[in-house]
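By letter and in written order, the chains are A, B, C, D, E and F; residue numbering begins at 1 in each of them.
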Amino acid sequence: MSVPQEVAYEGGRGVKIRVITPSTMREKVARSIEQYSAAARSDTQLSADVLDKGPESVDSVYDEAMAAADTVKKIEAAEQEGIQAVISNCMLDPGVLPAREKVFMPVLGPAESSMHVAAMLADRFSVVTILDALIPAFENHALKLGLFDQLASVRAVSMRGADLDDQERLQKAIEELAAKAVEEDGAHIIVLGCTAMRGLAMDVEEGLRKRGITGVPVIDPALLSLKLAEAFVDMGLSHSKLTYPEPPQQEIIGF
Amino acid sequence: MSVPQEVAYEGGRGVKIRVITPSTMREKVARSIEQYSAAARSDTQLSADVLDKGPESVDSVYDEAMAAADTVKKIEAAEQEGIQAVISNCMLDPGVLPAREKVFMPVLGPAESSMHVAAMLADRFSVVTILDALIPAFENHALKLGLFDQLASVRAVSMRGADLDDQERLQKAIEELAAKAVEEDGAHIIVLGCTAMRGLAMDVEEGLRKRGITGVPVIDPALLSLKLAEAFVDMGLSHSKLTYPEPPQQEIIGF
Amino acid sequence: MSVPQEVAYEGGRGVKIRVITPSTMREKVARSIEQYSAAARSDTQLSADVLDKGPESVDSVYDEAMAAADTVKKIEAAEQEGIQAVISNCMLDPGVLPAREKVFMPVLGPAESSMHVAAMLADRFSVVTILDALIPAFENHALKLGLFDQLASVRAVSMRGADLDDQERLQKAIEELAAKAVEEDGAHIIVLGCTAMRGLAMDVEEGLRKRGITGVPVIDPALLSLKLAEAFVDMGLSHSKLTYPEPPQQEIIGF
Amino acid sequence: MSVPQEVAYEGGRGVKIRVITPSTMREKVARSIEQYSAAARSDTQLSADVLDKGPESVDSVYDEAMAAADTVKKIEAAEQEGIQAVISNCMLDPGVLPAREKVFMPVLGPAESSMHVAAMLADRFSVVTILDALIPAFENHALKLGLFDQLASVRAVSMRGADLDDQERLQKAIEELAAKAVEEDGAHIIVLGCTAMRGLAMDVEEGLRKRGITGVPVIDPALLSLKLAEAFVDMGLSHSKLTYPEPPQQEIIGF
Amino acid sequence: MSVPQEVAYEGGRGVKIRVITPSTMREKVARSIEQYSAAARSDTQLSADVLDKGPESVDSVYDEAMAAADTVKKIEAAEQEGIQAVISNCMLDPGVLPAREKVFMPVLGPAESSMHVAAMLADRFSVVTILDALIPAFENHALKLGLFDQLASVRAVSMRGADLDDQERLQKAIEELAAKAVEEDGAHIIVLGCTAMRGLAMDVEEGLRKRGITGVPVIDPALLSLKLAEAFVDMGLSHSKLTYPEPPQQEIIGF
Amino acid sequence: MSVPQEVAYEGGRGVKIRVITPSTMREKVARSIEQYSAAARSDTQLSADVLDKGPESVDSVYDEAMAAADTVKKIEAAEQEGIQAVISNCMLDPGVLPAREKVFMPVLGPAESSMHVAAMLADRFSVVTILDALIPAFENHALKLGLFDQLASVRAVSMRGADLDDQERLQKAIEELAAKAVEEDGAHIIVLGCTAMRGLAMDVEEGLRKRGITGVPVIDPALLSLKLAEAFVDMGLSHSKLTYPEPPQQEIIGF
C-alpha cells in the first residue's frame, strides 16, 4: 500500500482528513492537497492518496466499479493510520457506501454531500458535469438519495482532455449550461458535477450574475465535503452502523 | 428592537453568527450562548437574541405562527448589523423560510439541517421530541423537505415544565424512546427533537450502547446548525434567491 | 379586535361563514362580501373581516408570515362569536394550519381546497397567479398537500397595481397563460392563483374555448372554498384534532 | 332502459342529481333515495336508479368489472334526461372514470370524493370497510388518486348478509376497527368504506369519543359525494375533457 | 360461449396459451394467432378468441369498460378448458385485474408486462400509441404500476382506419415519434403502445438507428407478454391471491 | 482469464447463456450449472464461471464492491466468446449495471428480475434472505428500482455456514419468516433473497399452504433470471445504451 505523499497542515489538535482520489495517476496526490487546502481550516491536517489498482479517471459507472475496491482498501488503511475522516474525491462517490461498512469514521462523498446541501438551500438543483455519459449516473444517484424530485436536470459540457485544462473555456462552458439549467430546466441552485472543476464555483456564480442571473448559488462539492468532514469530526458524528453493518470476515483474493 | 445581550467570542477575522431563540424569555439569551459555545470554533463570534413579541416557548404550530413574524424581524435586523449567518433556535424552524426571502446570509433551521444530515448518514431516522402534539408538525416538516420516506417515526417523551429541568430523567426518557425507535420503528439514526435537549446527544448515544444498541448516532440539531452555519459562511454559500425571492416592498402594520 | 363590518344574509337557520382577508385594508371587507355573495346559498350568513396587524396584501411567503398571527387571532375570535366556518381569503392559505389547532370549526384555505378538487377532476392542474415570486410558494403548497405530481406548472401574469384593476387586460393575460399551461405544460384543468381574480373563472374558460381549447375547467378557489365550507357545516365535518392538536396554554406577548 | 323510480324533491330551480346504485336489486332505488335525502339541500331534486345487468352487489374488483358497463350506460341516459350530476353509489366508484369520457356533467365517486376530503382535513386517513377481500382494491384506489402516502390503513369488519342488517352490531364493529386504525395504524380521520354504512358516521364518531378518542372525524362518503355534487353544479364545475376525452364513435354489441 | 377457432401448435407437453382480443370482430382470431405465432416456442399451443359482447376495438377507457366483462368471462372459460395462461390482447389490459380474482393461471396484460420490462432495461421509457385520447389512460396505467416516474412520455401517431393498414406509413409515424420521445422527452427505451402494431418493433429500432439514434430498444408488448406467459407457466408462477382474492359467489345478470 | 468449465446443453440453434457466480470458489461452477439446468429450456446452452479475484461469497455491500470488478471482466469476456446473455448469480446483482455499459447482450440480475416480476404479480412483496446485515442493501435495491413502495419487508433467517447446508432446516426457517412477512408485514408474494436458496421456492409455497397461507407465490430469483434471459434473447431485446452508455477507453491497472 502506498504512503500518502503530502501532509498540508501539521497543527496540534487538528482534525486529520484524508482525500482519496480514485485514480492511478500519482500527480493527483499533490493536486488534491492543493485543491482542498484552499478551504481547509487552519487546524485541519490534510493528507491525500490515489489508487494502486483502477482506472486513470472515473468517467463512467464502469470505471467506478473498477475503482471501488481499491478506494475501499485505501479508506480502511486510512482509518488504521488514525485518520478521522475520508473524502472520496470524485462525483460518483466511489467506494463510499461499501467503505462505510468497514470503518467507523465519516466517509464523505462529494455528490451525496452537495446534493443534500443543495436541497437545503433551494427547491431544485441542477448538476453540470463533464460527460454526457454520466448523466444517467447522476440521476440514479439523486434517486438513491431520495432527492430525485429536487433534481431539475443534469447537463454536460462534453469536453475532454486538453480542453479541460483550458480553465477559461471550461468556465464559459459551465456558465452556459448553468444558465440553461436555470432558464430552461427550472434549477434554483447549481452543483458542479466533477471534483476537478476546482475553484470555479465563485467564478461561475459571478458569470451567471453578469448574464443577469442573480441569487443562484454554485456549490463546489469537493470543498463542501471537506467542510462537512471537519464539522462531523468536531461533533463526533459518523454514519449509522445499522445502515452500514460490519461485513462478515472472509478472505478476499486479489486485494 | 432589542440589542442582543451577549457576544461570546471576539476573535479577529471570525465568523459572526447570531442565535435567535423564538421566545420572549430574556434569560434564554445567555442560555443559548452557553449552549452553542460548546461547539463553536475558536474564531466564531457568537451572539444571541430573543423575541419582543410572541410566545414564551414554541410548543405547537400555533405558537410557531405567533413567533414567526418577530423572528423574521430579528433576522432582518441581524443582517443589517453585519451578522453573517443566523440560526432559528427551535426545532420547528420558525421564520426560516420567510426570512430567507428578505436576507442574503444563510438562515439555518435545526430541523432542516439535522434531517438532511441524518439522511446522509443513515437510511432512516427518528425524531425524539418533547410533546405528542408536535408529532404531526415534524412529519410535515420531513414531507416538505422531501425526506418523509426516510422518517422512521417521531416519538415524544411527553414531559413538561419542571420535569424537563431534571436532566437525568429527561435523558433516560429520550434513551427509552430512542431504543424503541430503533427496535420497533426501524430507525438507524436519532435526531433530538428539541433544541433545549442540550448536551444530551453523546449521553443518549452512550446510553443506547449500554442497552446493546451500538452504532446508532444521535444528532444534536442545535450544534449541527452551528457547524453548518460556520461551513456555509466559510464557503460563501447561502440559499437561492430563486427559491426565496425578494418580497415586494410594502408597509406592514404592527411590526 | 375590530368588528366585522357587514353581514350579507340574515336567513333563519343559515350557515354562518366568515371570510377573513389577510390584509389591513378595510375596504376589502365590503369587497369580499360582494365577491363571495355571488356563490353563497340563500341560507348562508356571510360576514367578513380584515387584519389589524400585517401587510396590505400577501404577495410573498414573507408577507404570509407577517399576516399569519393576526389571521389566526381573527379566526379564534370568529369561533367565539358563533361563526361555523372560516375562509382565509388568500391563495397562500395564511393562518389556516395554525388556526386549526385552536378552533374546532372548519377553516378553509382556497389553495388547499382548489388543489384537491382540481386533482379530483383532472390528472394534472396548473395554477395561474399574479407574481413570479409566488411560484415556489405554490409548488411547495402542492408538495405539502401530497399533490406535487399532479401539478403541471405555476405561471404568473407578472402584473401589479393599477394593471390588476383593468379586468379585461387581466383576463386576457390569464387566458394567455392558461392556454400555455395546457399546450406546453400538460395541464388539464386551471386553478386561478389569487383570490382577487374574482369572477373571472367562467370568462377564462370561455376565452380558452374561443382559442379552441375546450373541456378545460377553470376553478375559482375563493368560491370553491365557500361551497366546501357550506358542505362541511351541513355535514358536521371538520379537521382532525389529531393532525391539529390543541396547543398548550401560555401567554403570548403582542397578540 | 329502466326509468328511475322515485324523485324525492320537485323544487323549482333545483339541482337535479341522480344516484345510481351498481346493483340489480330494484329495492335499492327507494333505499338510496331515502339515504341521500337525509343530506340533500331543499332545492335538490334527487332521483335514483339501479342496473339491468350486473351483480346484486359489488363486493370485489370482479363484481366492479361486471357492474361497470351498465353503470356507464345509466349515466349516459341520465345526462340525456337532463340530470345535472350523477353519483355512483358504491365505494369502488364503478363506472366513474369511463362515464366521464362520455358525459359532461359531474360524475362523483364516493371513494374519490371522501379520500380527497379526508386528505384535506387530516394528515392520514383509514378506511373501514365490510370485506377483507376489498382491502387491496382500496389501497389501489388511493394509489391511483395519488393519496397512497396519506392512507394509514384499510380495515374490514368481515361481516356479511344478515349481520349487516343488525345496525347496532355493525356500528360496534366499525367503532372497534376505527379505534384500532387510530391507535395502531396512525389514522387521524376515518372514512366509512361502504356506501351502505348509512347514517353511521355521527354514531361512530360519538362511539370513538366514548372510548376516549376525541377529535377524529368520520366521513360518510355517500353524503359527502352528494354535497360535492351540489357544489359542483352550483359552480358550473365538472371534470376535464383532456383527462377524460370523448371516445370515438363505434357500435358496441350487447349494451 | 364461442369456441376459439384456431389452435396453432399441437405439440405434446406444450404450454397452452390463449390470446383473447377484446373485440367483437371474429377475423381477429386468425390474425392474433398469426401475430403471436411469430414468437411462440415450438412447444407452445396457441389458441385465440374474441368477444361476443363489447366494442369492435378498444380505443378509450370507455371502450375498455364495455369490453372488460366479456373478456373476464372468456378468461374464466379458458381456465375451465385447461388453458394455462391467458393474454388480454390490448394495451389497456382490459379485464386483467378482475379476471385474476377468479382464475389461478397467469393472466398477462401487454401494458403491465412491457412497462415493467422497460423499467428493467432502461431508466425511462416512452409509449408510442395510436390515439391522443389514450394518453391519459397510459399515464394512469404507469401510475397504478408504480412506474410513473420512469415514464418519459406518451405520444400518439393520431392515425385511424385505412391509414393504419398502410404499414410503411404507420412505421414512419412511429419512428418519428420515437425519435422525438428520445430527443425531446428523455426516453431511453420505446414501448409500442398498441398490440396491433405487429411486427414493427425491429423495424422501428432499425429506423431509429438510421436516424443516428442507436442503442434504443423497442418493445413489442404483445410478443413480450407471450414470452412471459411461457416463462411463468414453466416456473409454475402466477399472481398472488392476496392481491387478487376470490370474489364472493353471487348471481350476475346478463353475463 | 479462466475458461468456464462446463457446458450443460449442446443443442443446435440454442440460446447461449452464461451464469457467473461472484465467488472465487471453483466448485460453484458445477453447482450453478446443476441449479440452473433445472429450469433451462432444452435448447438453452448453459455455461458457468466464477471469479479469479474477489470474496468467497458476497455477504455484504463491501463484498459486492470487492466482487464487482472481476464479475464485470468475466461478463466482457463472455460476450467476446459469443455468449448471448449473462446472469450475475447473486441477489445483490454484482456487476450488472457497470457491465451493461460495456456489453450489448442482456445482463440479468436476480434481484432486479424478481422484484419487477413480484410487482407484476402482487401489490407488495417481501424478500427473505440469509443475513440481517443485507437488509439495508435490499431496501436500497428496491429504492433504486423505483419499487420501494411495493416492498413490504426484508427478513433474514440469520443462518451461516453448515446450517445453510441443512436444507430442511433452512426451508423451515424461510417458511417461518415468509409466514411472518405475510401476516405481520402485509406481503402478498415472497422473493427468495439468496440465489443459493436453490430449489426451495415450491417447497416454501407448499409449506405456507400447510400453515393455511394459500395463494402466496414464492419466486426463485435465479430461475426467473434464466427464463427472462431466454425470453430476451428470443426477442432480440437488451438494455438501453442511453441508460448504460459506452464508457470512454482507458487503461485500467490491475484488471
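Things worth noting here:
The definition used in the following text is that a contact is a pair of C-beta atoms (placed from the backbone, for glycine too) under 8 Å apart; a residue touches a chain by one contact, two chains touch by 3 or more.
This is a predicted model, so every value here is computed, not measured.
Remark: chain D and chain F have CA centroids separated by 45 Å (rounded to whole angstrom). Centre-to-centre separation between chain A and chain F, using Cα means, comes to 31 Å. Residues of chain D in contact with at least two other chains: 123, 136, 140, 146, 149, 188, 242-243, 245.
Viewed as a contact network, the protein chains fit none of the simple shapes, being neither a path, a ring, a star nor fully connected. Interchain contacts (touch definition given at top) occur between A-B, A-C, A-E, A-F, B-C, B-D, B-F, C-D, C-E, D-E, D-F, E-F. If you check the complex, the residues on chain D that touch chain F are 136, 139-140, 148.
Those residues of chain E that touch chain F in the complex are listed here as 39, 41, 106, 112-113, 116-117, 119-124, 145-147, 149-150, 182, 188-189, 202, 214-217, 219-220, 223-224, 227-228, 230-231, 234-243, 245. Of all residues in chain C, those touching chain E in their complex are 123, 149, 188. Residues 24, 51-57, 59-66, 68-70, 72, 95, 97-99, 101-102, 131-133, 136, 140, 143-144, 146, 160, 242-248, 250-255 of chain A are the ones touching chain F in the complex.
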